[in-house]
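Below: a set of structures, written as structure tokens.
Paired with chain B in one complex and with chain C in the other, chain A is shared by the two complexes that follow.
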Partner chain A sequence: MVSQLVSSLGVVIAGVFFCALYYWLSDKLLQLALPVRDGDPRAASLALNRRAAVRPWLFLGPALLLLVVYLVYPVVATFILSFYDRSGTTFVGAANYVWAINDAQFRQSIFNNLMWLAVVPAACTFFGLVIAVMTDRIWWGNIAKSLIFMPMAISFVGASVIWKFIYEYRGGKEAQIGLLNAIVQFFGGDPQVWISMPFWNNFFLMAILIWIQTGFAMVILSAALRGIPEETVEAAVIDGANGWQIFWKIMVPQIWGTIAVVWTTITILVLKVFDIVLTMTNGQWDTMVLANLMFDWMFRGGGDSGRSAVIALVIMAAVTPIMIWNIRQANQQSGGH
Partner chain B sequence: MTAIASLRRVGFPRLVVHLSVLLICILWLIPTLGILVTSFREPQQIASSGWWTAMTGSSQTAAVRLADGAAARQEGANYVVSGTVFEAGQAGKIQSFGTKVTAPSEFPVGQPADLGDGESLTVQPDGTYTYTKNAPFEAGRGKRVYLTVTTPPAFTTSNYQTVLASQGIGQAFVNSLTVAIPSTIIPVLIAAFAAYALSWMEFRGKALILAMVVGLMVVPLQMSLIPLLKMYNDVGALFGVPSRSYAGVWLAHAAFGMPLAIYLLRNYIAGLPKEIIESARVDGASDFEIFVKIVLPLSFPALASFAIFQFLWTWNDLLVAMVFLGTGREQLVLTGALNALLGSQGGKWEILTASAFITIIVPIAVFFALQRYLVRGLLSGSVKGG
Partner chain C sequence: MAGVVLKDIRKSYGQVKVLHGIDLDVAEGEFVVFVGPSGCGKSTLLRMIAGLETITAGEMSIGGKVVNDVPPSRRGIAMVFQSYALYPHMTVYDNMAFGLRIAHESKSEIDRRVRAAGDILQLTPYLDRLPKALSGGQRQRVAIGRAICRDPEVFLFDEPLSNLDAALRVATRIEIAKLKEQMPQTTMIYVTHDQVEAMTLADRIVVLSAGRVEQVGRPLELYENPTNLFVARFIGSPSMNIIPATVAEPGDPTLISLSAGRSVRVPIATPSAKAGEAASFGVRPEDLVLAKGDDYLLEGTVSLVEALGEVTLLYVDGPVGAEPMIAKLPGIVDVKKNDTVRLSADPGKLHLFDAAGKAFPKKR
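This part shows the complex of A and B:
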């Protein structure tokens, strides 16, 4: 184990060294290949210009290589694979798409994903906004924010264990050691097996993601709220608006842009949600979602690349509008520079 | 005065806000607190009572027999049997006792209880008793006594010893470090060079690459998995090396983190003062020198922000590690090991909670130590211009 750690550290050092070596060496090579000689100013300036033209690509090279090999090429390859059979060798046309439309589990996943999309981003943004407003008004607000933000550092698997313990059910006369069932029992209700109640169990899984992501929404919305010009609120106070009206009619409209960013970021996360479902139910009891179904088909019965490619493409199609919107936003920003 | 402060004057009563925030904090903290407390409890106690009772200890009724009357010694006119109700190794605190099963807590401790027939019994809280009679005891079985005993809360670290040594969590911890450290540091360097080129160098296609980076930020990982898995298998077969290796995971993590890294660092590096870089250029410094000597040191906050993101993401990742490193016991990272334990050790909460706590302790420590950089990174990544 120790040797493994040492070798891992060795890799870090070697990796950083080779990266640095690449950038340094390529820069030196460039200077050798395009020498600037004294005496001929035209040739010298030509060489300098050529260097300036090549150098950005040396700087960008490794990053672009990684992006192309690991993200751009796979997107194209996945699209092509979706028209091939399970091993990716025989062209089958739209057969995988036809399978998906007729597959009950696929439709279940789409339905569940839509529920996740309807509930989680809205809940996180709403709670985040409310908590941001409240914590900004009290002296220990930063401590409170830290605590609510903390789950973001916890892995989805860790969070799943944490919540599975809360949902724990004990049969018969055993004492309920799961908090939720203990509370239900305290108020006179009957303990339930929350995880295997079809339909409602989806919401118990969503609670985990909301618990993790509310802090993210809170931090960003809190910063946006602080950026609101005070004159707007002052004016509303003078006009006799109450707190509720000021919040909804003066403050929220001014941070729509940030709310949209928070909402879309969590939406993308929700579309990719995988770990929570895998560890809590592995898609049993009608909780399957697309990302988990895709993983399932990647390995089920030796793997079916065609079907899992179709499922991946559905996820991709769902994020594409957000992607286009992001690119347009970024272009507008850099255009305004 | 900020807008929030203005709102304060017309908003809800302050007390309501304090209480609501307190309630939310408790609500948010309780789940984690539950596994922390549970991970330190004895397995028997975990299974028999909720973790929220851990601090109060548990109270139960026990039946014991006093020593045989034949062991009595004579003191004046009385015969006395004495001893302790606990067996060797037992501990606890006696609350009350009784001699009838219908009234097991009839008498308080510390005072002589008159049992009739000239008998009297005194039980001390620590379990020692004196049983007195004004005539000889009958030999035979000792008297049956019912006790209400509270056992003190018992905490142990043995759950942690168990999971670290025999459940593979120790190995998984090392594996997680092996995955996360190189996957964090290498992309920072590569992305910083790219971000510099995109900020301070002029070349054709710059806008296109920037748009591509922004677009790739949201491409779901799922799109990449199948072709990459095929590619890794092909490369492995071609060179006769295992297709699942740490190198493969490092590169995958580096690539998947690259769009966000370039975007965050570019936002920061493009915002550095133009004068510094221009004057360095006038002094004849090359781009390489400017980057290493000026930009890199100045960008430390942004580099730290991204490094924290990347570390949390690689440490907490399950999908990439499962696909590219495999699910064998030797290769599992912490998240994978925890997932495997959920399957194999289902109801054994002492093992699950201790393992879960080990997996979350490192990112939580990083989170609290470097929260400032994390927040800064989040804000520069999403609020800019919003």
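This part shows the complex of A and C:
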């Protein structure tokens, strides 16, 4: 434990030192390359201007290089791979794309992903907003908020394990240990195998992500709600608006930008949903989503990098526009006005 | 149209008492200003009239109807907030129309009222703009316009000018005075800590301090006949010079002795029971003049001269009291630092307060 702490501290110090050294050295080299000599003010000012033009590229260089290696190169490589066969050696043209369009499981995944997109961001934002408003009015609001925020700290796999116990089904005469089945039995119903109930099981999986992400939506929206000037609400009270009208016509429009950021952030997360499906069903019983399908084709049954690359590109194409919009919104929020 | 009557209004937050029984009768069409130092409860009182704060005890009526439990929107009031409180996501037009839409007024009626308010306040060119595209003064006018649109019987202003710069504050103050003239039937209640606003706008001023009414009266009445030390100090700038004294010979006039052994005959009646008691002697800086000859009121050394052209302020370290006295003399006066000056005042302009700070009434 102590040795780990010491070594990680050492790494941090060394890292910062090498960064500082890099900036210092590169600036020194720049000064040597573009020297300022006494006597000729015009040449001197020219050299200083050139230095100012070069310096940002010099300082950003390492970061840009890493971005190219770890982001741009994989994108390009994936794009190229998508036109090759399963081992990535023979060019097959658009065959992988044609396969995807005709593949039933691919279509199923697209459909499921769309369902996730329609339900999860909306539910998280809605519950987050409602809870944020409610908890502002009660004395134990902060306790409730902490409890609701807590699932954020649990990994997706951990959360799935917890929810497996909720959806658990025991066959035969065995006592039901799953919470949901216990409740159903309490009200006189028959226990169900929730996880293998096609179509509806998608929603049972979504509930897990909603459980995790509502806390995130709640915290951000709660902060935004606190930023609303109290006087605008009081002015609306004097104008005769009731609680519902104040909420929808005065409060929500004032935090609209934040709602959009929360919504799109969760949307991006949902497009990449993987761990929950892998842990709960592994894509069986019609619950397959794109990320899991990509993983299956890449790493299971011998692997097919071509088809897997096509699926990866589809996910990327879906995420990119939302990401751009999200970043723009967030920039506007943080002082673009 | 309606007056506002407060009967023994009290407010407390848990154990903390904020207002200790306010009695006030505001006549219909009157312009009343609540003034007082910060924390005196004036804004709380206004918000209670608006219905934004509950009334802990007492009875409040607007237009003869008890409104203790009537929601703000049914009290016939409109309020202008210090921070304007405009709805940032709505245009100027929508800001003014919001209340009318909530009340389900017809489209044509809304349009008529909003445009009328826009005309009065010269906002017509800005009706389609969002508040963030307006200057501070324009925003303030929109806030007033929103209040006008509600066609209220009682207008409430909560320090409406304190967010404006000095020049705009004067201009907007005059606009509010004009607005009042255009609406003679509308009652207006205005909260401020700025005594200039209070003096220029009010029909009557209510001076509040620590949750109590210190004095209610016309602006000049408060200036000329403050009923206690608090009002005497609060109204007028620079504030009244207060000099500790004792009642040497009660009667009419009263002979008082100032702490440095000097005696002054003040033409104010005091009961004989007050003989020998401590008192406070007050004289306003602007009532002091340079004395000619030996007939003077006070004497002291000038510690600071502030020559403003129109007036000259002398800070005089007197033999009396710890604080320097201030004399406000008209025009330019040839007095230098460390000069010894003798000051006198018209006997009718002198004030005398008893040990508890209450004024001995002046002769009328």
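Heads up, the rule we're going with is that the second predicted complex is superposed on the first by the 264 of 337 C-alpha atoms of A that agree within 3 Å, B and C clash if a C-alpha of one lies under 4 Å from a C-alpha of the other, contacts with A are read in each partner's own complex, and residues count from 1 in each chain.
The rule is short, and it goes like this: contacts are C-beta pairs under 8 Å (C-beta built on N, C-alpha and C of every residue); 3 or more make two chains touch, one makes a residue touch a chain.
Only a predicted model underlies this, so the values are computations on that prediction, with no experimental measurement involved.
With both structures placed on the common chain, the touch criterion links A:Val92 to neither chain B nor chain C. Of the two partners chain B and chain C, more residues of chain A are touched by B.
Judged by the touch definition given at the top, the superposed model places A:Val262 against chain B, while chain C stays out of reach. In the superposed model, A:Asp239 makes contact with chain C only, not with chain B.
In the overlay built on the shared chain, the residue A:Pro253 is in contact with chain C alone; chain B does not reach it. In the overlay built on the shared chain, the residue A:Pro229 is in contact with chain B and with chain C. In the superposition on chain A, A:Val119 makes contact with neither chain B nor chain C. Look at A:Ala44: by the touch rule set out above, it reaches neither chain B nor chain C.
The contact surfaces that chain B and chain C form on chain A in the two complexes overlap at residues 229, 232, 234, 237, 241.
Within the complex formed with chain C, the chain A residues making contact are 229, 231-232, 234-241, 245, 249-250, 253-254, 256, 337.
Within the complex, the chain B residues that touch chain A are 1-12, 14, 17-18, 20-22, 24-25, 28-32, 34-35, 38, 46-52, 170-171, 174-175, 177-178, 181-182, 185-187, 189-191, 193-194, 196-198, 201-203, 206-207, 209-230, 246, 250-252, 254-256, 258-259, 262, 286-288, 291, 312, 315-319, 323, 334-335, 338-339, 342, 349, 352-353, 355-356, 359-360, 363-364, 366-368, 371, 375, 378-379, 382-386.
Within the complex, the chain C residues that touch chain A are 50-52, 71-74, 77-79, 81-90, 98-99, 102-103, 132, 146, 150.
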